[in-house]
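Listed next: structures, encoded as structure tokens.
Both complexes below contain subunit A, partnered by subunit B and then by subunit C.
Coming up: the complex of A and B.
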């Protein structure tokens, strides 16, 4: 429950009914709760604030100084705080204090209370996002402050439709969450669903946006992420313009975008900056690499242990020469390699960058070559695992690429048992699973299942922006005139 | 119990084409060659035309009962007791088809790819796929089918590699019609089995958005046209590729001609193709089992989930019994069954409806409103 700013002064004064003692005891007489008495113009004022949350300078210059120099008793006109509101009850007063407001009370009547915004901000400056890097895109990333994130988003989405709705989640410790969308672009049903789901969260406390994600996603038993997490305002803004909804959590530099379909995880802002056929090509490469990373190890196992007649004869000979020294079955061989690679990956995440390079050389190159020479794995297996890992790093989204890890091992197992037929069965099961997933009621695997070739234009490929004038299914209010390249008609010379 | 309209005519096209093209395709040229010789493709054309007529009959029947499936309107037409019997028989028929697909596909897989794997394990996999694939809503089934349909043109594309082969000869097709008109007509009896699947229209028409309009029929019409052309093409290309002598001894001519194809990267196309064909076979199985479980859940009033499990278990047990007893009885039965359930019963039902002026109660209400 955030405080609403009342416009009429009358209601502001009349509704007040708070007691200082009560507030103090609610905050357990904590040591950083400070109280100050100020005499001005024949009145005595009490200022109550939490020392650690309040910016001393702001308090000094914007509240106390004007207060002492006040000529009449009209507080609302004399003080220049960013936000003034009335404290309607003890509860709103304490919540305000916890948000970094200070409480101003006239002593004599002990009934009028104002909350004045004086909160300290120790948030870092806006910097380039670390995880989602782009070549040409904006070099701005979200920070840990809710207000600043909304500012960043608004700055690139100038529209009267831009709507923010605030929620306070958590029962014992509270976290502020903002729902952001464009009024006439976003699907009202989805907004309704999101609101309903956020309101039903009754967690004791919110540790991070992951807790919210757990509570609002459609399916919990799936390796596929159904909410897009981004730390880039330009990406979030582009998604808002596509009719999606953003969810910003206070204290987190990651914004949740929803509903997300499978294909949204393969898009990057760079696609829209480079020329359209390059963008389409990169997108295609990403999709292709996803499939490669998913089934290449399984294919290797199937080909080597079942269907060596499928691969050309020359290749069989060269693979055979390296494989014959390996005492394990192809499945065990690949498992050893994959697991050791997972170790490398997990280890390198928390290493400082200077050590990580050395670690990569020792871990990847030295161990890999030594393993082949020691006869633990074959050259073929090493190539497959290396290609797989490179392909999994191509993915722009970390959560999507981790779904490969979860699905890859079962696929390898079933390929070891049934060969190529097993892979098809496995892939079929994944397809069935994907076809049933929804993200806020919207089919997750959307332009592919259900098949809608018209919607391929901005998912699998990217057509030029002036050609996107037909409505896609997932944003019902999208409209664009097809006039952007009309000059071409006026410009062109005839052949004669 | 009326159902909600969810399918467009495009969706109906996907569903019907997927249901009809299945495991029978692999051995179809061998079967047509048996009676009609090199003129098997003419038999298919005739059968296709015949099926169009039957689909028209089924549409005329379903048109009278919008948003009612066969399992509901049979009770309206022939009374409650007899209707239940008809429903029961249809469920058994649909389950028999699934058993047949199970056995034929397992048998083919065992002979071509996995010779050492015990048959019951392959049947078990198909059983698990059936259960997993059928426990869902009709919306899921339809959306999945629209994607799996892509694998059928894939086969079409693969056959282009065959033209590369030097042994292909158009003259195997000539002279057209030399096996005699009577033999060609007799061949339609064999090809009829590869067209089964259109009976599911008795159920799917109920889910159409506008089942009364002609656009509903259009989806079905194009699906049958597509299937007819596709089967005809497959039979023609097999006839051109294999000599009449070879055709007699190869049980799966389609796989056989693919095994001869050699691309630089992949030597044995047939093995990969047969695995991928699992997607198409799966779609067929799901279509039948979904319809059958719908019938079961309406017959004995249980949840769809349990109906699927019941249907799956029945199919699994029956197919294991038939698989190990090496009984080819199922195929013979199916030939007769498909005539009874696909042609005779729909025609009879239509006659009764017209003569006794049977109408669904819900349509009366609509008219009054």
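Coming up: the complex of A and C.
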């Protein structure tokens, strides 16, 4: 059966700008650019393609074979290719070749050029996400193909509102980027802003989605991420349904979600799968651990170098006993420990999983205890650093947990100089900074600043989904029937 | 403009660093005091005795903890001077802030105790929940004894005092609460009275009565002080009392006071008459003859107990009057509700003008057998 054609049959009005020689020279006569002549039905056709980008099988069976058996020279109808378009200029022709199309030209008239889709795909199968693991969530992660990612997203977001807009970025090498949103859910102003910002990207080449992120985020000098990166289609889809916008980059298994607020980074798909109070509890744990990871090292320094009178008496003696062997100030002590943990963390990313386990034991346990016994750090310091890194691993988002690392060190320094007073000032600065941040014009620290208690229901806690019928402020077109538990009112029979 | 802004920001960053008042106190350099006591020596100088505790977590034997107590003493004509003397003799900074109990030697207690406490109050880091006790001897002796014998338990003295407080045997007094009593003209206080018994054990032997800011020399037994605490309506978690009903048959009854209500009437005649009616709801906890299901037995107990307690209360208030120790705070009561009477009698020894007439009424509410 013939596949659906994207382009309508239209007569080729613009004539003959395609020149084979020109295209070849544009591609620098690269060795994998192949040319083939085929005689069919009294016509001579030339097929031009880049060997490495084209699926040979497809080319054989879908293009060359039908071409030789063609009876009435109607290329648009006789060929089996999934996508056929006309090449209007040398530029579109070369771009098509680079995307894995092959160029078909009738030799004699030297005018009509057709681009036929024959691209090879080496993309891997969909597999479970590696970084963002969940307990009960879908076991599907984005892959490196743009088309496949949009498919994955559409599969869990069936709606006529689902809209895709394609952009090609980069001037010397090009990268395809798709903007995905739900038409009646997303804020038109934000879409306008995103489009405007994407269009203004004039980078020479796009290395990864990080380049795009750098170009479109509101504030570049902050440690807080303003765009949510995810490799989970279910998370991306849930965010689309909340009225956010997704930005998919070709060749990257990570999708950018925007605008993101501070609280977005503490949500996981598991929150919505488990029952609501459990989800709320986990969210509390994450928020709590964020605060712990941020200020615990600073608190420890302030405790042992300024305010040890607030430590309970029994603890004072045991802390003192292990501290008395440490030759460094508490700040230096914790810095040594934190830096060695950072080293461990960096090193374990590069290691193969089988070695990483051994490495974790040797690095974490052996070095940790040996450091205490050698009197480089105290027991208290070791406990604090271990707790801090465990707390930072609780964060579902890597970028958010890195912000702790960036902010933790200045807080430790200020605590070492000014004690509790310094911590208060430092935390105050962080809070003020958070309140001033925006993500695509949307206040970053909402619903806390500006305070909107109604929106707490799906940010700090998660209330049951049937109770979420009032729209949150950041998605103006959210609609939900008022009561999903009407059966309870109708159910007059009661338990039997 | 921009340049000026950066300069200003720089200035604000540098300013706090220039102040030079870095008040860092490293925990590892401090010698934390665990218990300290104050005495007056023969020359009239103050003597501080402190226990500095060191804990050693042994690394070779897997975190085994060994505790060593170091006894330090210092003399000086003021408390501060004495503590500076100690500071010179210990490695690190002598820090009395974490001490949870202060012991006043009898000589110090008999003088103005504020002379000792002033230096303590001036230190902002001192634990205001520390307990204060008076000893019948010198504080030095008690502390020396404690440092030798009660090494393992953290805060031994503190726990000792705390359990007496729970049993309503002593008034709950901390460094914070004592200050109001010290400067209150219409109210006195009592402190736990510590002594060594025949077995060489340190124990709380009642309470020391104070008048104004000094120890009167007189003390109450734990039972008396419980009764007094009931009159103050400051019963703690439990208040157990035992009375002997029949000397020959050796019948005693123990009861726990569940609730207290006090009615106080002040009247000015030739003296100020304070009629106090104390109603106690009690629960019998130990009464071998039993038969508490009979109303007659209960009325008998109520009558007997009321009689005994009223007698005891009479004796108690006589004792207080002798020492002019207004622990009940009758003066404060008059300042608040009868200022005209107070105007007439106020002065150093206003308690002489007050005649207390206590009546105790006991209601047995429970036989003590609960499921």
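Things to note:
Convention: the second predicted complex is superposed on the first by the 475 of 496 C-alpha atoms of A that agree within 3 Å, B and C clash if a C-alpha of one lies under 4 Å from a C-alpha of the other, contacts with A are read in each partner's own complex, and residues count from 1 in each chain.
Here is the rule we go by: a residue touches a chain if its C-beta (ideal position, glycine included) is under 8 Å from a C-beta of that chain, and two chains touch if they have at least 3 such contacts.
Note that this is a predicted model, so its numbers are computed, not measured.
Once the two complexes are overlaid on the shared chain, A:329 sits against subunit C while remaining clear of subunit B. Contacts of A:309 after superposition on the shared chain: both subunit B and subunit C are touched. In the superposition on chain A, A:443 makes contact with subunit B only, while subunit C stays out of contact range.
By the touch criterion defined above, A:451 reaches subunit B but does not reach subunit C.
By the touch criterion stated above, A:319 is placed in contact with subunit C alone, subunit B being left untouched.
When the two complexes are overlaid on their common chain A, residue A:418 makes contact with subunit B and with subunit C alike. In the superposition on chain A, A:287 makes contact with neither subunit B nor subunit C. In the superposition on chain A, contact of A:431 is made with subunit B only, not with subunit C. Counting contacts as defined above, subunit A residues 306, 309, 311, 313, 418-419 meet subunit B in one complex and subunit C in the other.
Only residues 16-17, 22-28, 30, 32, 34, 53-57, 59, 65, 67, 97-98, 100, 125, 127, 154-155 of subunit C touch subunit A when the two sit together in their complex.
Of all the residues in subunit A, the ones that touch subunit C in their complex are 303-306, 308-309, 311, 313-314, 316-324, 326, 329-330, 373, 379, 417-419. Remark: subunit B residues 14, 109, 113-114, 117, 125, 129, 132-133, 136, 140, 142-144, 146-150, 264-268, 271-272, 274-276, 278-279, 282 touch subunit A in the complex. By the touch criterion stated above, subunit A contacts subunit B in their complex at residues 306-307, 309-313, 418-421, 423-425, 428-429, 431-432, 435-436, 443, 448-451.
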